[in-house]
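Across the two complexes that follow, subunit A remains constant while its partner is subunit B and subsequently subunit C.
For the complex of A and B:
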């Protein structure tokens, strides 16, 4: 019976990145994906004729350019397009926009506060400094601080040197930054509510925390450290929807000889004598592999796909306690015409950008209160955009796809499972908020896909619907991600590796976990990695 | 919150200002006149304004500064109005030089630092009355100025758009002003200012400038800008007055040995890399520091750096052999060891020398001043001609014109 060199469980983008690098190193690799399509949370499906959705993730910035280049993704159709900043609508009928042009940006802020307008440079300098500290860590395996292997000592030294390279003030700022709340951080720069709300949203996206919870400043950084073609912090659309990323990865993988089986759910990992030997599919079929890599999150992998008795106690306990609370949902809408927003001038570039309706930190925090109480937010925070204003491939001319990321939505409603009626109520909270700012909005709706954490978990397999495969708090980052002692993509079982967003450097469509895991696997196999570019310089 | 009502667009002043997104490059109050003269259509972005690199011919524009009178629009400069009974004490605390010595009717060139002694910007401080000042600078500092004002009875207001500014520079600039009817302008000595009537309003004229030449700067309410321009142009017609763009001015300022923020040094609020920060002593502004005056922002750090010899850089004027400008060339010691960078360089028509400003790492430029070289990469028809040229440290300004300071100012 054939034994693959490697079996990757899950065809999410990290699973595919991992598989591509292994295949290109000469291994014979199989990807098994439970869905009938690949992509995980980076997928685009046509659920109503003529409209292509970005069903989960919808904007691209974190995806590492080194990976796009190594795996020749442009050749396989990947194009990322930058877009204009965005806007927060205010309840008094105005809005605050973010423009790409530095001076337009300043003048826009000056409409609300001249002081805040001129505070932006210092804010942006400080955030950029923090980004520069973290960027080089993304494409490196985190050191294990408890190990005395020369390599870990070397990496620790690297981290230490980077840290020591900071001035005393920067060092203090970095430590504060990684642990403070986004609300407190913004208070140090700005005084105007809507301006703070404008920046705070990056601190709560995908996070089961409110803007006043410690740790949310780091989440902001996580959304700033990406780039579009060297423009750090910029976000763009993958042309053809986020599924274009995984479509290109799958094509690249196949072109290098890899095999993908869709509609193949892994029931459990085959383990003999403490070593992974392959997987057993839900129909009972056994597929053998010399090693197994899991793209599923750490809870799914070790609590569902591996028998408990195979794992050490402390590890199991830590995996059980890994924080992966869902906080978000998604409403994808097909529209038969471009919605109007009377507050926005008709020629405003904001139509081609992201739009928000939560104009104060206080409102965000109140939305979070609902989550804590086990309800979806009555007044939710939306990150809404219309990618078809720039991407002609996702809807027929004149028609549009609107993507609404919604917060907060708890994994359970008052401790019980979501029902269809709950889901409809959740959707209504979103539609009514949009309709408040866009008269006639409901009449334009052709089709709608509503995804609460229930749907996200059921389809993508993200435990509790957490979009990052685990929360991005300091206790779950770097050498503590996913759990201490296992931050280097290996598991307690020989031959079983992890490559999903549960591992360093975390979630988002970034590809770095998949790539770093491949580097570790190839290191264990003593295979050279000339096909893997080093991280781009941060100068 | 009612989820079923719709929100109506508002119509207040803030909302009306939304339309700025259609003009990311604002025109200055003088724009109609400048557009009419801008034959080259060679614009650049100066702090969000559409400003000319050159209007008709950058070489000839330079010679207008040195031979006649040149009119240059400085409206995009950031301007703050600082007023109140504590304005003097406040500015003395915020800026480096001793403001108690700045009399009403006087201007001085100064700089200000953060608490670690790193330069936030340089600029000019105009004392318009005992309690009223105008601070002009390249970058924007409102949060810094407001936060520093806590505890002082003083108001700080940004007035960049409300006030238009012109520089009138060159040997006939005095004659132009006199002929325009600004009676008494002959009494202005260098760094003096006075107010004059213009078109039912007031124009503030100071004998200041950025060219090292005889020259004046004029500030006027934005709605009187065009009539002021016309008044000067009419009076200057027989005196060779010409409007100019930045390229010409930049040559003149380099001959005068003056530095430009974020060109010759990086301002502290923009420096992302910690080693780009500069103390005043590191960019040639050490002369502004007055340890005898009371406390000022950055004082402790600056004095400590001096005492512990922690100053790592020095900004110098260089004279370079040959005539090929050494812009952005690397400076070497003994032709091999990298010790600094040229930030600006030209062939000086007035000095007939090849001049440059450079930042060096001490002790080079400080204790060690010999055997310095610059490596010039001159692109000529798609090939670099690499030249290693000897550089000599020379005092600034590179040119000294008697007519700049002569009293009374000469006619030409």
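For the complex of A and C:
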């Protein structure tokens, strides 16, 4: 019976990145995916004829350029189209636009507040410096602060030197950045509600926290670390939807000799004498491998795919305590024509970018209060865009695909599971908000896909529908991610590794966890890694 | 200028307990110290005041739980009248419609009213909390580490902390590093199941700050509480006989014995700055007083403006909007809280029936509103010291959260409604209490600001949250009691390690000044 060199559980983007690097190092790798398609939460599906939806993740920025280059993704069809930053509509019929050009952006701010326009210089400088400090950490394995191994000490020293490279002022800012709420942070720069709301949204997306929760300033950084074509902080659409990312990864993997089995759900990891030996599929078929890498989140991996008795108690306790909370939903809409937003000029670039309707931090925070109380909000926060304005491949001519990311959506409604009626009520809250700013919007809807945390968990397998495979709070970052003592992609079981977003540096379509896990696996196998670019400092 | 003006080595602005501690410690080092207090009486928010004829109460702070042992020792406070006996420690009682749960001894050495499994879970959690707070404890009595300019002392301090961490053992250290910046809500959920106990701890973690139990970093508040000690026991608490004013009196006696001149009713108009150096003060009645060193033991935001703009901008950005109100009730007779026995009425009674309840009480405060079901900590000081009330009558003192400094409707309109909401909660747990109220005094953060000259009415002189702690307190770059003005130092609760009746900022500042030979 064949034994693969490595079996990767789950064909999400991190699983595929991991598989690509392992295969290119000369291993014989099998990816098993439960769905009939690969992609996990980075997928494009045709749910109604002629329309491609980016069903879950919807924009591209965080994906590491080093990985894109290493795995030759452009050669395998990946193309990212960058867009100008969108707008926040205000309730008085105006809007605040974002421009990538700093001076244009500043002028737009000046329409609302001269002081804020001036503060914007200071704000972007401070945030950029923080990104510069944190970005190189994304592609490095977090050191274990309790260890005296030379490697961990070396990494700690690297961190220390990096930190020492900052001025005292920047150090203080760094320390505060990790612990402040985005609301308090923005208060130190800006006075206008809509300008603050405009920035605050990056502090809460995907997170079960409100803009007034300490720690959200860091989440903002996490979202700022992306780049498109070397332009840091830029966002873009993957041509053909987010599935194009995983499609290119799958193609790259196959081109280097890798094998993918779709429709193959793993029932559990095969363990003999405390060592992972392969997987058992839900039909009972055993597939053998010298090592197993799980792209599933840490809870799913160790509470569902591995038997309790195989794991140490302290590890299990920490896995159970891992916070992975559904906080968002998604409404994907097929439109028979481009909706109009009377607030915008006819040919505004905003149509091609992200649009928001939450014009104050208070409205955002109140939506979070609803989440805490176990209900969806009547006034949700939406991150909405119409990718077909830049990528016509996703809809028939003249028609459009609209992606609405919705925050907040609790994993349970008042402690019970979501029902179909809940899901419809949730969708209605979204549609009615858009309709307030776009008359006639309802009549343009051809088809709609509504994803609450229930649907996200059922299809993608993300526990509670958490898009980051675990909250990005300090207790779950760096050496604490996913759990203390196991932040280096290994597990208590020999031969079983983790490569999903539950691991450092966390979620977003970034690919870094998959790559870093591959680096650790190849280190254990003593394989050289000339095909793996080191992280580069770009900012 | 008269010749007497030149007689001072140090002028301390503000006769709150930290100002008194700093003045006393500096006088003991041989300096000639003048302390200027704006009010008619020293003590600030730690005074004992008469709020109704025959009824006296601790003004703001009503429990002694963190007076720093170094302060007690350095100022020999026991010799000056401070009495701390183990028998004076009072329990914490979590009130609930399901009957009370009581933490006896030093923060629940014994827990009653809970199931056996909860008791053992609590035993484990309590030990862990005290262990972790213990790691942080040494920070209380020294200057915060300065990452930009590490001195030998700073390195040694951090080295000791690293060692203390190592001593925890690998797994404990990992847990410590994981939970350090966590929220209290999740931690309680991980380890406990009784809502009453969880509610009490959630309340304690967030007391005095603008955080809810679910806000990340809220666990730090509990560590701050447990890093405090009384009589050598971490987490212990007592109601001082004579109210908090008696503690202040002991500190004042120590200061005066050391030679401090205390002038009351002497508000300072400004600090005199010459060539970038603080050289004295001008009082509001125009008197010029000169000294080599000026110590400001008042709120940093009330401090001098004659400094560089970067510093001023940072000071302006300190978040210091108070979120706690103080209620004083003069009662015709002692109330009976349901299920609470006579002895426990001497304790601290907390209305915070669950962490969710605390979180719900917090929510409106984010928008400048108060909750219809406020959470609070109640003491009945006349149970401990009958002289605080007329015979047969009773004093009730309560700290009520969350009372936003900037109430949307304004406190003039909001106060009666807030009082009504508080009384409704009290009535649930002590039926009939409302009918016995002879006089009620409710101090909102706005009142506390005006009466005790504390901007924002914040008893910590600035939010005690992670980003305003240690090297970021009061502002980054100036966390070690120094200021950009040579000769001017900060010694109030706005400086590390923050508020509460600890005397630590005052003592640390004095030590800094002595070390600098200023």
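By our rule, the second predicted complex is superposed on the first by the 536 of 539 C-alpha atoms of A that agree within 3 Å, B and C clash if a C-alpha of one lies under 4 Å from a C-alpha of the other, contacts with A are read in each partner's own complex, and residues count from 1 in each chain.
In this text, a contact is a pair of C-beta atoms (placed from the backbone, for glycine too) under 8 Å apart; a residue touches a chain by one contact, two chains touch by 3 or more.
Bear in mind the structure is a predicted one, so any value in this text is a computation, not a measurement.
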Which superposed partner A:432 touches (first subunit B, second subunit C, both, neither): first
Subunit B versus subunit C as contact partner of A:308, first or second or both or neither: neither
Touched partner set for A:46, first subunit B, second subunit C, both or neither: neither
Subunit B versus subunit C as contact partner of A:184, first or second or both or neither: second
Which superposed partner A:106 touches (first subunit B, second subunit C, both, neither): first
Touching partner for A:169 - first (subunit B), second (subunit C), both, neither: both
Touched partner set for A:323, first subunit B, second subunit C, both or neither: second
On subunit A, the residue positions that both subunit B and subunit C contact, one per complex: 167, 169
Complex interface listing, subunit B residues touching subunit A: 1, 3-10, 12, 14-15, 17-22, 24-26, 45, 47-48, 116, 139-143, 146, 158, 269-272, 274
Parts of subunit A lying in touch with subunit C, wherever the complex brings them together: 145-146, 163, 167-169, 171-173, 175-176, 178-181, 184, 187-188, 209, 212-215, 314, 318, 321, 323, 362, 365-366, 369, 372, 473-475, 479-480, 483-485
Complex interface listing, subunit C residues touching subunit A: 146-149, 170-171, 173-175, 177-182, 186, 190, 211, 214-217, 317, 319, 359, 363, 366-367, 465-467, 471-472, 476-477
Subunit B contact footprint on subunit A (complex, rising order): 89, 91-95, 97, 99, 101-104, 106-108, 111-112, 114-119, 121-122, 125, 128-129, 132, 166-167, 169-170, 189, 342-343, 345, 347-349, 379, 429, 432-433, 435-437, 439
